[in-house]
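Below: a set of structures, written as structure tokens.
You will see subunit A twice below: alongside subunit B first, and alongside subunit C after that.
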Partner chain A sequence: MLTYIIRRVLILIPMAFVICFLVYCGLELTPGDAVSHMINPDALGSMDPAQIEALRQSLGLGQPFYVRFWSWFSNLIQGNFGFSTNGGVPIANIIATRLPATLELASVALIFSTVIGCLLGILSALSRGSKADGALTVVGMLGVSIPEFFFGLVAILVFALNLGWFPVGGRSMPSYVTLWDRLPHLVLPSMVLSIMLTAGVMRYARSSMLDALSRDFIKTARSKGLPEWRVNLLHGFRVALTPVVVLIGFRLPVLIGGSVIIEQVFQWPGIGNEFISAVRSQDYPVVMTIALLSVMAVLVASLIVDVLTALIDPRVRLGE
Partner chain B sequence: MTDVQDIAVSVRDLKTFFYTNNRCNKALNGVSFDIKKGKTLCIVGESGCGKSVTAASIMQLLPTLSRIEDGQIIYHAERGDIALHALDKNGKQMRRIRGAEIAMIFQDPMTALNPVYSVGYQIKETLKYHLKMTGRAAQQKAISLLKEMGIALPEKRVNDFPHRYSGGMRQRAMIAMAMACSPKVLIADEPTTALDVTIQAQIFELMDKLKRDHGTGIMLITHDMGVVAELADDVAVMYMGNIVEAGTVDEVLRNPSHPYTKALLASVPVLGRGRHQDIKAIRGSTPDPLNRPKGCQFADRCDFAIAQCQVMPPEFNMTKTHRVMCWRYQEVSAHG
Partner chain C sequence: MQMKKLIALGLAALMSTTAISGATAQPINENPLSDPRVRQAIAYAIDMPTIAETIFEGAAVPAVGLLPDGPNKPTDLNPYAYDPDKARALLAEAGWDSSRELDVVYYYADQATADLMAALQAYLADVGITMNYRLLEGDIGSQISVVPDDPVNGPSKVTWDILYGARAALALQEYFNRYAYGLKPMIPNIPRMNELVTKVNGTVDPEVQREGYFEMEHIINENVYQIPLYYQQLYTYESDRLHRNDAPYGNEQYNYNWGVENWTIDPDANGAGILYTNAGPAQFFEVPWQNLGIWVHNKFAFDTVLEADPVLTPIGGEMAESYEVSEDGLTFSFTLKDGLTWHDGTPITADDMLWSIKTALKFPLTHPVLQSTLKKIDGAEAFVAGEAEELTGLSADGNTVTLKFTTLDPNVLLSFSQFAPLPAAQFEGVDPLNLQQAPFWQKPIGSGPFMIQDVVMNDYTTLVPFADYHKGAPKIEQIIARPSGDNDGNLLVNATAGKADFGYTKVAGDVPGLEGLDFMNVHPIDIPYTRMLWINQFPHPTN
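Then we have the complex of A and B:
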């Protein structure tokens, strides 16, 4: 098992390098460069081309593509992400302040949707064809098909504006000290973020569970005289779990990259919100870093999924 | 019938019906037989005749849209007779018997073991629930069971997952699991259909050994007349939810008295007769179970059919053990 994990981690390194390169290429292909965003277009017209060229050279933009990539990359692996073109703040600082907020939201949503989604999915599968199953199916379809921002707006309208139970948005106030103070802010965004995830997990868990329950080994388990809960959970759900873990795992990067829409709706100061404002102000270094972060999240998530599925399903353990 | 002392399970006039699309399929329409201690009862018949439903009825493992409508299944336990048909399907009493006193092995060992648990774990599960055996004792027991079933290196293999076992080994593991609590009755539902012939012989040899060593009563479901000749002490031939002929293996194979039994025997190719031997297929096909013929179910395909066959024949006892459901059994029996 350990060698399996080590091998998977080692494969990550060249993959991460290639992806860094591709992201850099993507940036290279966009029209204009740093200089064209630094200088006011009106001023640009009246400037001496030699002056602009000198600025380019001083920023290192005159160098060939691969040299610039290498200088960016070597800085990157030393933990130097560069500076925001919008205010000159070190990007590392931006990430350090934004990432915890996003992770907080993501982990609550992830845990909630996994637990509730699996529970409802199992219930739904075990009571297949009943009224409860039908109701859960309808709710699940609604949850999957209605866009998040709609839920967000409805939640704000009902629970924040009309009922006044929770704050409209934001994450913190200057007077807050403990996590407990911030908790009311977390409820609405995390619940709204959970709805879609929960619905997806539930539908998936249900069909996966039904599939598992129809297999022969369930009959074997029952013929051994095991109690129903053990047959359903230890034999049925354990086997049904693999596809569910894959589904949840691949939602992980979406959550870490920041749920852009939810963070926007609730003014949550996370990565997603930062991403939006960076794109608007054409703050390329920040956009680059966040894109890279999302990509890394995908890689790490797939690693986690691989390790988890290998733990759950012995047939997955490659080359053992 | 035989001395009650020797009988492990007796089934009387068992009727199990399936309800699908608001129609009733009488899968078992009054079936009676005994599983004797230390003997093998073979149930033969073509696909869909109710062999597996019989097994599922005894185990109370019927699918949701079916139920035991009438009849009795009595398990003669040491602590007294238990009416299995009256027990709650997944109730505590039924679960105590299922797997411990009456165990079952299935047709396809490739899918009958749970892929995510080691073979040892799945055997130990049975030990834990029925014998309260855990830890080292259970591990030792699992190893010795695998060893008894002829698995090489059982100490190592016990921790392996089913996908690392071959088909024959998996069926051995299944039998090890079924035999874990030394059941009184072992129900084997076509245990070798999915295996190749050499493995088949090994598995049957193993089952025969278990029968002799443990005095386990075996109910073997098969459609292979060769297997019947080899293993059976008693035979019951099923057709469309009825036992059309039953008796000791000698009686049924040497003196088949139901046209269906005769036809089944005539349809078996015999080694050594060359490739031009006359294998008689049974003409026609099994009737639609939802649209059954009146009277004898086999009449439409039967060479002996007469007008009287429009009425369901009763069971005629030819000897104390040999019974047959055919109006013309005497002529059939006498006919070559």
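Then we have the complex of A and C:
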């Protein structure tokens, strides 16, 4: 397994390079650049084109795109993330301030959705055909199908504006010191983000559990006289867990990429919000760094899923 | 070729000085949009009052003429009131080819603009004109502002037939300056307009300027070189907690005597005198020379050299104790008040002024009116080009700063009423080209009534009173600015939650929601901001 992991880690590097290059090419195809974003179109006609061009050159935007890409990448492998084109802020600082906000939000949502989703999925499978199963199936379908921004707006309207239990948005206020102070800000966005994640996990857990419960080894376990809870949880759920782990594993990148919609709706100062701003303002270095982090998160999550699957399911042999 | 050019020049001159009649109206090149009758027909085909009432929910004022209402606009302009029959007749007279499709472009991504485009399409279709519209993205400048090599005959370097855009003006000359020779991407040169642009920019006499504005408005109106659609208003919103204490309302996009140091606010539920506002910085504070007063946090934090009234007429000094303009208008000097300090306690000096003026001159994003003033300082051209180390027309003696201009600038006082100097010591080694990228803009040190206290980018910014403010310490205990801007759904959410006590928006869509809050007061303010159509009269390549 160690050899397999080392081989996969080594493959990550060229894969990340190629994906980043493709992302950079995609950005290059979009019209305009950071300077064209800085100027209000209404004022364009009155600006001095020579000075605008000088600004463009001073920010390195006049170079061919492959030169800019290589400059960014070579700095990156030396540990230098570069600077935001628009505001001149070191990108390391941007990541350091925005990533914790996203990790905080996504971690809560991921843990909550995993635990609740698995529990409800098992309950639904064990009570297959019952009213509870039907109700959970409907709730799960609603959770998967209704867009999260809608849940977000409803949550703000009900719990923030009407009931006044939680703030409408933001992550903190000037007087806050501890995480406990900030907790009211975290509740609504993390719960709304959890809804969709929970629904997905629940649907997956239910169908995996039903599949596992129909296997021969479950009948064997029952015929041996094992208690029903033991048959279901230790034998059934362990097998059912494999596809659920795959699903959860592939959601790990949410921790990095953030949930753009939720961060926008709840004014959450996370990496997803930053990514949207950077794309809109064509701040290539920021976009590329966040894209790289997301790419690495996906690739690492894929590796983790493989390893966990092998650990959970004895039939899986890595590297064979 | 010479003959063709002469004919075109003659026709252009004729068109620019005479009212259009059936006998004189005709195209000046192969583009049918160069025919004034076609442009008039387009103007007659659009029912702007209905559009203002429906799409903009009454939050737009149908425009007659480019300039906002006031003494500088003639009152006898043709309003081109909606008359589809007249539009059809004009098109028939001009021999309009109904198979031709007009390419209409715009660069605002909001829903109201998309709705407006659909409405224009329907109105034009009703009179027999087919149009398609598309949103310009990316490098807008290269798509709308590139001028032709030959400003008389073209061809145009832009590909569209009609552009929907706006002119937001600090100085009224801005409405017309692009009519100077060779600056219009879409309109063949108009000799008389060249002269009038020179006239209104070459005098400080308001009567002479007014004559020029009147004549230019008439020329544009009669020839329909542009079609003004509506005047955009600005809306200030204030919660019942806020008391401006008789301070005036003005054009919030710029700096004026808003008297914020005298504002008071009722305590909130926790007993704190906190004012909540919006449009806090998301990534950095913008250099206040670019959009002048558009960011409320910059207005809280920075003072300007002179002070303007609500309609932006300079009325006296702000940081300046006194100022003087020579009789010939070519020398301007101002003397700083004694004892002024930056928010970090260091003194504000004439050296800060000199550095700020020189840097603003080289900063590429400095507001065009301010930039235009600074470029007239003696030696500016060589200084900007890097051929001279110093700006020869700029000097200081004690607390007095003197600027000598090579040519008269009618907007010197206006420019300095919007110019917020910066602390030079904070920018050592910073290239003026990359001023916005300086670390300073993560937490600026200003000179205004409030100083920046905490900044959590894209979450909140707090400001607190500057105790040593030269007009007296402000009375509001703290300001908290959230980053939601106008045209952002979070603005209304924050306002509903009581987290927006003061702010302003130009987005008509924000207004009904704000007006619907029973604790919110919304004030419409007329500003010089005209939305309009530009018509490309040159032959041009297609998109």
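FYI, the second predicted complex is superposed on the first by the 263 of 320 C-alpha atoms of A that agree within 3 Å, B and C clash if a C-alpha of one lies under 4 Å from a C-alpha of the other, contacts with A are read in each partner's own complex, and residues count from 1 in each chain.
Keep this in mind: contacts are C-beta pairs under 8 Å (C-beta built on N, C-alpha and C of every residue); 3 or more make two chains touch, one makes a residue touch a chain.
Everything numeric in this text was worked out from a predicted model, so none of it was measured.
Trainee: Who contacts more of subunit A, subunit B or subunit C?
Mentor: C
Trainee: Based on the superposed arrangement, let me know which partner A:Arg238 touches: subunit B (first), subunit C (second), both, or neither?
Mentor: In the superposition, A:Arg238 contacts subunit B only.
Trainee: Touching A:Thr30 in the superposition: subunit B (first), subunit C (second), both, neither?
Mentor: second
Trainee: Counting only touches as set out at the top, which of subunit B and subunit C does A:Ser84 meet: first, second, both, neither?
Mentor: Only subunit C; A:Ser84 stays clear of subunit B.
Trainee: Which of the two partners, first being subunit B and second being subunit C, lies in contact with A:Asp216: first, second, both, or neither?
Mentor: first
Trainee: Just checking: does A:Leu161 make contact with subunit B only, subunit C only, both, or neither of them? Give me first, second, both or neither.
Mentor: In the superposed model, A:Leu161 contacts subunit C only, not subunit B.
Trainee: Using the touch definition up top, name the residues of subunit A that touch subunit B in the complex.
Mentor: Touch list, subunit A to subunit B: 215-217, 219-228, 235, 238-239, 312-315.
Trainee: Touching residues of subunit C toward subunit A in the complex: what are they?
Mentor: Touch list, subunit C to subunit A: 107, 136-141, 144-145, 165-168, 174, 177-178, 183, 282-284, 291, 362, 364-365, 367-368, 371, 384, 431, 433-434, 436-439, 441-442, 453-454, 456-460, 462, 478, 480, 482-484, 490, 493-494, 496-497, 499.
Trainee: Would you pull the subunit B residues touching subunit A in the complex into a rising list?
Mentor: 59, 61, 90, 94-100, 103-104, 106, 108, 111-118, 125-126, 129-130, 161, 163, 174, 177
Trainee: Which residues of subunit A touch subunit C once you look at their complex with the stated criterion?
Mentor: Residues 30-33, 36, 38-49, 51-52, 54-55, 58-59, 83-89, 97-98, 156, 160-161, 167-174, 265, 267, 269, 273-274, 277 of subunit A touch subunit C in their complex.
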